[in-house]
Structure formats: structure tokens, C-alpha cells
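The following pair of complexes shares a single chain, subunit A, combined with subunit B in the former and subunit C in the latter.
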Partner chain A sequence: MSSLLQQLLNGLSLGSAYALIAVGYSLVYSILLFSNFAHGGFLVIGGYICYYSLTKMGLGLLPAALLSLAGAGMSAVLTERIAYRPIRRRGALTLYLLIASMGMSIVIENFWVIAVGGRFRAIPPVIPTSPISVFGTTVSSFDLIVLAVALSLLLGLELFLRRTRWGLAIRASSYDVRTAALMGVDTDRLVAIVFFVAGALASVSGIFLAVRYTLYPQLGFITIKAFVAAVVGGLGSLPGAVLGSYLLGVLEMLVAGFISSQVRDIVVFLLLVVTLLVRPQGLLGRRLEEKV
Partner chain B sequence: MWLSILLLSLLAGQACAETVVKIGYLAGLTGDLAAYGQAEVNGAKLAVEEINAKGLIPGVKVELVPYDFRSKPEDAVIAVRKMIEQDKVVAIVGANVSAANIATAPLVNKAGVIQIGTATTNPLVTVDEKGQTRPYSFRMAFIDPYQGKVIAHYLFKKLGVKRAAVLYDVASDYSQGLRQFFTEEFKKLGGEVVADLGFRGGVDVDFRAQLTEIAKANPQAVMLPNIGKDLALAVKQARELGMKDTIFMGGDGYGEFMWEIAGPALEGTYWVTHVAFDDPEIQPLFARYREVFKDEPKEYGNIVLAYDAVMLLAQAMKEAGSTEPAKIKEAMEKGTFKLLHATIKFDEQHNPKDKDAVIILCKDGAGRFHERFRPVD
Partner chain C sequence: MSWEYLQGVLVLFLVNSIAAMGVSLLTGFTGVFTLGHAAYMSIGAYALAIGMGRYELPWPIALLLAGVLASLVAYLVGVPTLRLVGDYFAIASIGLGETVRLLVENWQSLTRGARGYPGIEPFADLWVVGGIALAMGLAMFNLTRSRFGRAFKACRDDPLAASTMGVDTTSMRIVSLVVSAFYCGVAGALFASFMTYVQPAMFDLSKSTELTAVVVFGGLGSMSGTILAAAVITLVVEAFRGLAQYRMLIYGLVLVTTMVLRPEGIMGEKEIWHLLRGRRG
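So, the complex of A and B:
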């Protein structure tokens, strides 16, 4: 019984990492209606900035983290400016945005391979990982920290969306970008802000993942799972993304522990397929005609 | 008149020319194997430098042609094909993982080009599924049936472990093989394997689900037939889950870079390897490594195996008096080669005969030589 609790806790920790990624992903989708495959790249950028801040610049964890958030956010804005805005301007199909995002994801990954080499790096153990006893099982303090940070950031995001003007603009645009523009929202500014937030959130996840699993240019691949989580929860819905992420994290851990690790990925992608067949808007999403 | 001058200079050029023979190096320079791959290529470079400087092969200069197979067997096949067809190598050293060499074996044997694996330990590297020795495949290391036996005997007899668990990589020939040989031998000795769980190497980085189940079965030791990063993450996560007193032992997948990832979690773990760091014969090589590459020879096993493999080829070429792969191969099968870390004589399966296993114990921040070990039945 305690192993079930243990797996649940493992799942919540993993789900937190997914949630930070999935939320940014869903946010971009809700405005621009395309899946940004380069999202994983922001994660990696955040990880590397943190690594170099800690090692080469000798900064503490908090300044390094803030630098990563800012850096990843800026690179997200830059990606949008370089790759997506020209396409948006021309009013082209969102499919082209998707293709451009695939290209950007390869560019970002290989930029790091060339710049710093494909070897993985270990981030100095700045986040404590000592085991703590909780309800009779042992959990790493790292997991609790991830959970706490993720929930606070998600709460912060929710407050931003509900209480600020730009938050209002974002929510309005998620219904219809063009009408929001007609109402006086500066769309370009809006998109930049959304990308910045998405990039920053992804970089937090990137830091946690890098500390836990080492840092390497292909770390962004985990975004695929976050993508599944976002779709299952409802693409475009932020609470959906969070719900989907925790669900997925727990599911993965339970399957890997009680059945087998090989079956785990099958189950995850089966869940995606079933969702798309049975309830394509996900658990909490709205029905939309075109999903790219 | 100009024609005769041209002719004379050509002839003069020919008289001074030596044969340049190319040796390919198959290394994982990016991906999970990057630490080992880069070390190996450096070791090989030192060997080639020495061969050319001292003229160890009369009338022949060696050129090293390294290729990166990105830690994936599919890319190893592509790299080897290029080496054979474009660079026209006479021999290939590497890789250090069995999956790559098993994948490239049909290719090199068909083309008649020698391939020597460094730390490749799965039997299928030199012997095919029907039990026939592959004519052009060789290796520098002992094989997994032997290695599995070493671990089983060491755990059972030396460390008194009766209940063990295994966490293995389902996607790796090496891991599956080593797990099988360990389990068979451990059960034969009277031990019990209380948990046996898998993960997908190269993809999975989180083993907490499996480790939770393993901890539930309460083993005295966990056997880890995996490589590098997976080992470090597994041990680190296991300690985080509270497995403080469990013994961890694995095979030659250990690398010093694991300390960067796992840190103090590695203290008290045991590993099998091919080369003893404190061996006085090898120290000059390490000194040269530090001088040339301005770096510590961390993956020393890989460096020495790579260096010795290239030296072995050189000695074989000298004995054969030829740079033709067929003749070199014959010389390799017949000869005895005195190398830095061991004297190698190949048996009928192209595996080195009678090699000791070296046991490493992780203590005070590094993997320390613990003892040499040979399982006794």
C-alpha cells in the first residue's frame, strides 16, 4: 500500500514538471491556434543558462534561476519574432506555423550541440534531494520543492490572467484574436508577452529536469509528453493542461511500477489516440474545428 | 626534356613515399556515450602519434579516421559503411558498445575489414547466432558470460548477498546479456533474484517507479547491468528513495563522469572493469594524455583499451608484413600481443584468453581500485 502512495508522489513530481511545460504550450495554442514544437527548445535554453550561471558565473540559485527565466523568455520572444511573425503577417495557414516550429526546434537543439557539445552536463546539486518521510513513505525533498514551486507559479499565472489588464487581453484573445485586435489589443505585443511567459515557465521545468536528469541538448524531447498532457486535458485550456499533466505523471508512474516500463509509453500514446477519437477537445477544452 | 624532368620528379616522389594506411575509429562522440567516445578517440590518437613517430610499422604511416555514431547502432552502420567505401580503411577500432558492433558485424565481415571492439562484451560481437566465429570481428575485452559470473560470484561469495534485484535496459544487447548471465550464475550458486525490472535506455531517465517496486522486495543488493548515465541516475534515485544500505554492483558500464551526476550517492558501490588505474605500466600513457589533451584521463579504461587496440593492429601489421586486412587478421589470430594493460592472445572466438576482472569500489569521491578477481567454480 505504501508503494502505491510512493508511486503517486513520484507521479505528482513528474506531473509538476509536465504542468509547467504544458501550460505554456496551451497558452500559445489558445492564442495562435498552433502547437509550438519549438517549446522544448526554450526548456533547454533555460537549463543551459542556469548551468552556466551556476558554474561559470558563480551565481547563487535564485539569481541563476531568474536569469534563466528571463533568458528563456527572451529567446521565446525572439523565436516568435524570427520564425512566426512573418508567417502570421502574411495571414498564412497555422499549418505553416507548425512547420516553422519544427524547424526552430531542430535549430535550437543543434545550436547547443555545436556550441557546447553533445555531452551531458550535471548541474551542481543546488536543490536538496535528501529523502524525507511523508505518511510512512520516503520522498525526496526535491519532489516536494518541485511541487511547491510549480503550484505557486501556476497560481501566479492564474492571478496574472484574472487580475491584470494584459491577462484580460490574453483571455479575450483566446476566444478570438481578430476581434480582440479590433477591440484595441496590440496583438504583436500580446503574442510577445504570451511567448515570454511560456518560455519562462518552460525554463523552470528545464532547470528541474536538468538538475534531476542531467542537462543535454535533447532534453527538450520530454515536451512530447507535455503535449500529450495538454491535449488530454484540453488544448487551449490552462486548467486542462495542469489536470492532464498530473494525470499523465501519475499514470506513467503507476504503469511503470505495477505493469512494466515498456508498456508505459504505449499507454501514454494510447491515451492520446483515445482522447482524439472519443473526446478530441480533451477533458476541459472547448470544441474547435481545426486542430493543428 | 620537360617530360624527363617531370618523370624524374615523379619517380623521386615515389621513392620517398610511404604507404599511408587508414584505421577507422567508431566512437560515440555525442549522446549518452559521449564521455567514453571522446576518451577513446584521444587514446587512439596517442597510439597513432606514437606509431608514426617511432616508425613502429616499417614503411607505413597510420592515419586515424574517427566517426561519430551518436550512441545509436543505426548510425554505427552508416558510419562504418562510409569508412569502408569512402575512406577505404583496413581496420576499424570501436565501438565500445556491443549493440553497435553486432549491427556492423555483417558489414565488416562481408567487406573483409577488421573490426576490434574495445569494451564490447556481448558474445554476439564475435560469434554469430549459429555459433560461428565472425572472421573479421575481434574484441579487447572479456565477454559477458564471464562478467556475469564475476558479479554473481563476487556478490554471493565475497559480499554474502543471497537476495538480489536487477534493474536492466531492455533496449540494450549488453544489458540483456549481462543480466541473463548474472541471473543464471547467481541462481546456480544458490542466490535468489527477488525483483527483475526493466527500463528503456536512452529514453527513460526516471527509474523511481521501478526502484520503488525493487525496494518493496527488500533485496540486499541491486545489480545494474547498464551504462554510465543510467547507472548514475538509478543509484542517485535509489538513495533518494531511502535505499541507503543496499549494495549496488554493476559491470563495465561504469564511468568516472558518473560522480558529476550522482555525487555522494555512489559511495560504497562496486563495479567491474577491464583496467586497473594504479597499474604502473599505464602511468606514462596517462602522463602523455594530460600533456597532450590538458585534461585528466577520467575514462581511463576506455583510453587504455583504445590505445592498446590500435597498438595491437600495428603489431599485427608488422608481423604480417602487410597492410591487407586478410593477412593482418591471420597475424591477429596466431600472435601473442604484449600491450600496456595485458598480454592478449585470441581464442577461437576471437576473444582474449584468461583476462582478470578488476573490481572498483567507489570511495571518497572516486572509483578506487579494489582488487583483481577471477571466479572459481
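So, the complex of A and C:
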């Protein structure tokens, strides 16, 4: 029973990391209608900035985290400016954006391979991982911290989207970018804000994942699971992305804990296929119909 | 440079061309982005290795089996993912690549796991591979210039308009995927025979990326561009073996810069003979 509770919390903690990736990915998808495969790169950039701020610059956790948020956010904006905006301006097929994003993902990953090497690095123990006792069972304090931080950031994002003018503009653009632009929304600036937010949230997840596992250039590959979570929840829907992420995190940990950790990645893929067969719009997705 | 070495490079080029033609049909002509086609090569390679090794099939039948099995898996993946508009297939393709690799690594009794499957009969010399590549190349050129080829392009350029004109876009996308998987399956099988052994690590995400990079570089919608790009990549990989760590970086840069500066690739939608005759495609 207590191991079940531990695995559940472990899954919620992993799901939190997925959720922070998946909301950024969904946000970009809802506006530009393409899967930004470079999203995993922002997570890795955030992770490395945090690592070097802690080890080389001797900063504390909070300044290091803020630095990595800003750094990852800026590189997301820069990626959009360099690789996507020229394609977007031409009004070309979203296929081109997809290919360019895959290219950027490879460039970012291999930049780190060449710059700092492919080896695994452990983040200094700045986030406590000691076990603590809750309701009679021992759980990892790290998992609780991750869950708390992720939930407050997701709440913050929700408030930003509901209560601010830019939030309103983003929600309007997710229905129809062109109409929103005609209503006076500066699309380029809006896209930059969306990418900054997406990159910053991904970097938080990057720090968590680097503590949970280790830091290495291919860590960004984990975003594919966040993409699957976003599809399960409903592509383009933010609450869906969060729900899908927690569902996937818990499922993965239960499979790893009670069946075998070898099959957990296969289960993720099966979940994707089953979702697409049974409920292609996802749990909370809008209806899939093309606008003419 | 010995004749054996040259022969080896030529076989690699032909194998890469067959696989790249498959991806070109799907991504270049039909507009479906994939990052998992190495999985179909892997399925083909193992189908041949196991078909010849365990069941002692003659190689032409094992080779056919390799292509058919890859097509079958593609059909099973395509039906749920391609009937939807959106990036579902792209996401699933990466998942498939990983799933196939995990299955091959863990299904020890059938595939002999991560260490690989040795002792495959090396029937794939230059003449066999050359003949198969020629036949499959001709079939592909004919396909792209047929009614199907035009339907594929319509799915890529404007699926909505295509369906209004009576093209069943879902079926067309699935047909395109099944054919492209057949090409990759056969290419994987030939590669396995040429190497005489097969390992799951041969068909990882970077192989899938290479295939897509070749197609994008050669020009979306140009078969001869794809083959030209396969030749360039094969030669570049051979010439710069020492710089392997930059290889992926270069693929990435090729993808981004091609899309930003010249999304139509080196050939655009033209085929080589259009340039020779000096008229537009």
C-alpha cells in the first residue's frame, strides 16, 4: 500500500515535469498549428544554464533558476526569430515549420554535444531529496517540491492567460490568428511572448528532470512523452495537456513499479495509439474539424 | 582506392537511395513529415535476418517478406494517425522508432537483443542491389507521374481542395505510407545482407533524421533530387568519417537553412531531365 502511494506521488512528480513541457508546446501549437520539436532543446538549455550557474558561478538555487528561465526563454524567442519567422512570413506550409523545428532541435542538442561533451552530469544537491514521512508513509521531499512548484507555475500561467490583456490576445489568437491580428494584436510580439513563456516553463522542467535523472544533451528527447501527453489530453488544449501529463506520469510510474521499467516507453506509445483510435480529439480537446 | 571499397560505397549509396525514395514519396510528395522511417528499415532488416537464418527462406522471398512486413506495420500505424489532420503522425513516428528499437532489444529469443544478429548471407552485391534499385526506382518514377502521384501532391498542397475534388486524402496518405515503408523495409534488408549482420543501434533516430534530411535537401517533390542528395550525403559521410560528431549538427543545419532560405531544396519540384531539356517541371 505504501509503495503504491510512493509510486503515485512519483508519477505525479514526473507528470509535473511533463506538464510544464506540454503546456508550452500546446500554447505554441494552439497559435501556430505545428509541433515545435525544438521545444526539448529549450529544456536542455535551461538545465545547462542552471548547472553552470550552480557549479561555475557559485550562485544559489533561486538566482540560478531565474537565470536559466530567462536564458531558455530568450533562446526560444531567438529560435522563433531565426528559424520560424521567415517561414511564417511567407505563409508557407506548416510542414516547413515542422522540418525547421526538427532541424533546430538537432542543432541545439549537438551544440551541447560539441561544446560540453555528451557525458552525464549531476546537478549539485540544491533541491532536498531526503525522504520525509507523510500520513505514515515515507515519500521523497523532492517529489512534493516538484509538484508544488509545478502547480503554482501552472496556476500563474492560467492567471496570466485569464487576467491580462496579452493573455486575452493569446486566447483570441488560438481561435484565429488572422482575425486577432485584424483586431490590432501585434502577432510577432504575441508569438515572441508565447515562445518566451514556453521556453521558461520548459527550463523549470529541465532543472527538475536533471535532478531526477541527470543532465545530458539528449535529455530533451523526453519531450516526446510530453507531446504524447498533450495529444492524450487534446492537442492545443492547455487543461488537456496538464491532465494528459499527470495521467501519463502516473501510468508510467505504475508500470515501472509493478510490471517492468523496460516496457514503460512501449506503454506510452500504446497509450498514444489507443487514444487516437478511441478518442482522437483527446480527453479535453476541441472537436477536430478543419476550418474552410 | 580499391574496387572493393568503391563497390561498397556504391552499394551504400543505392541502399540509401531506395530508403530515401520511400521517405521522399511520403514527405516530399504527400506532405507527411516522418521521423521514424529507420524503424521500417529495422523491421525489414530483422525480417530478412530471421527469415533466412531461422526459417531458411531463399533470399528473394525473405526480401519480399521484409518489404511486406514493414508495409503491414506501417498500415497499422497509419490508420489511427493519418486519418486526422495535425501532427499526430509526426509524433507517433518518433514513438514508433523508439518502440521498435525497444522491442528488438528486449525480444532476445527472436532477435538476439542489442548485440545484434550475425551471419546473414551476403547476397547483396553491387549487381543484385543495383538491379533492385533500378527496378524500384523506375516503379517509383512511374508512381509519382501517375494518377496516384498527382493525388499525393494534392494531399500535400491543399488537402481540403483535394477532398472536394474527390480525392480520398486519408486513403492516399495511407497508400503513400505503405509504399514508403515497403521501400524502407527492402532497403533495410539489403543493408543487413551487405553488412552480414544487423544491430538495433543501426536504425536509430539519427538514421531517421538522415533520411528526412536527404529528402528535404534534395527538394520536396523531386525524386531525382532525392537520389542526388543521397549521393551527396553518402559521399560526405564517407569522406568525413573522422568528423562524425559534426554529422548530426550538419543535418540539423541543412534542415533549418533549407527551410528558411530555399524550402524547395536543391531541385525544387523539378526532376533532373527538366533541367537538361531546359523546361520547367
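Simple rule for what comes next: the second predicted complex is superposed on the first by the 287 of 292 C-alpha atoms of A that agree within 3 Å, B and C clash if a C-alpha of one lies under 4 Å from a C-alpha of the other, contacts with A are read in each partner's own complex, and residues count from 1 in each chain.
Heads up, the rule we're going with is that a contact is a pair of C-beta atoms (placed from the backbone, for glycine too) under 8 Å apart; a residue touches a chain by one contact, two chains touch by 3 or more.
The structure presented is a predicted model; accordingly, all values stated were derived computationally and were not measured.
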Partner chain(s) touched by A:120 [first = subunit B, second = subunit C, both, neither]: first
Partner chain in contact with A:166 - subunit B first, subunit C second, else both or neither: neither
Partner chain in contact with A:104 - subunit B first, subunit C second, else both or neither: second
Which superposed partner A:52 touches (first subunit B, second subunit C, both, neither): neither
First, second, both or neither for A:83, with subunit B first and subunit C second: second
Partner, of subunit C and subunit B, that touches more residues belonging to subunit A: C
First, second, both or neither for A:231, with subunit B first and subunit C second: second
Touching partner for A:265 - first (subunit B), second (subunit C), both, neither: both
Partner chain(s) touched by A:276 [first = subunit B, second = subunit C, both, neither]: second
Intersection of the subunit A residues that touch subunit B with those that touch subunit C: 113, 262, 265
Of all residues in subunit A, those that touch subunit C in their complex: 29, 33-35, 82-83, 86-87, 92-93, 95-100, 102-107, 109-111, 113-114, 221, 224, 227-228, 231, 235, 262-263, 265-266, 268-269, 272-273, 276-277, 280, 288, 290, 292
In the complex, subunit B residues that touch subunit A: 29-32, 34-35, 38, 70, 170, 197-200, 203-206, 208-210, 212-213, 215-216, 229, 233, 236, 239-242, 260-261, 263
Partner subunit A, residues of subunit C touching it in the complex: 27, 31, 33, 35, 77, 80-81, 83-88, 90-92, 94-96, 98-99, 102-103, 106, 156-157, 159-160, 205, 209, 212, 216, 220, 245-246, 248-249, 251-260, 263
Touch list for subunit A against partner subunit B, complex: 3, 6-7, 10, 14, 113, 117-122, 125, 129-131, 138, 140, 142, 212-214, 252-258, 260-262, 264-265
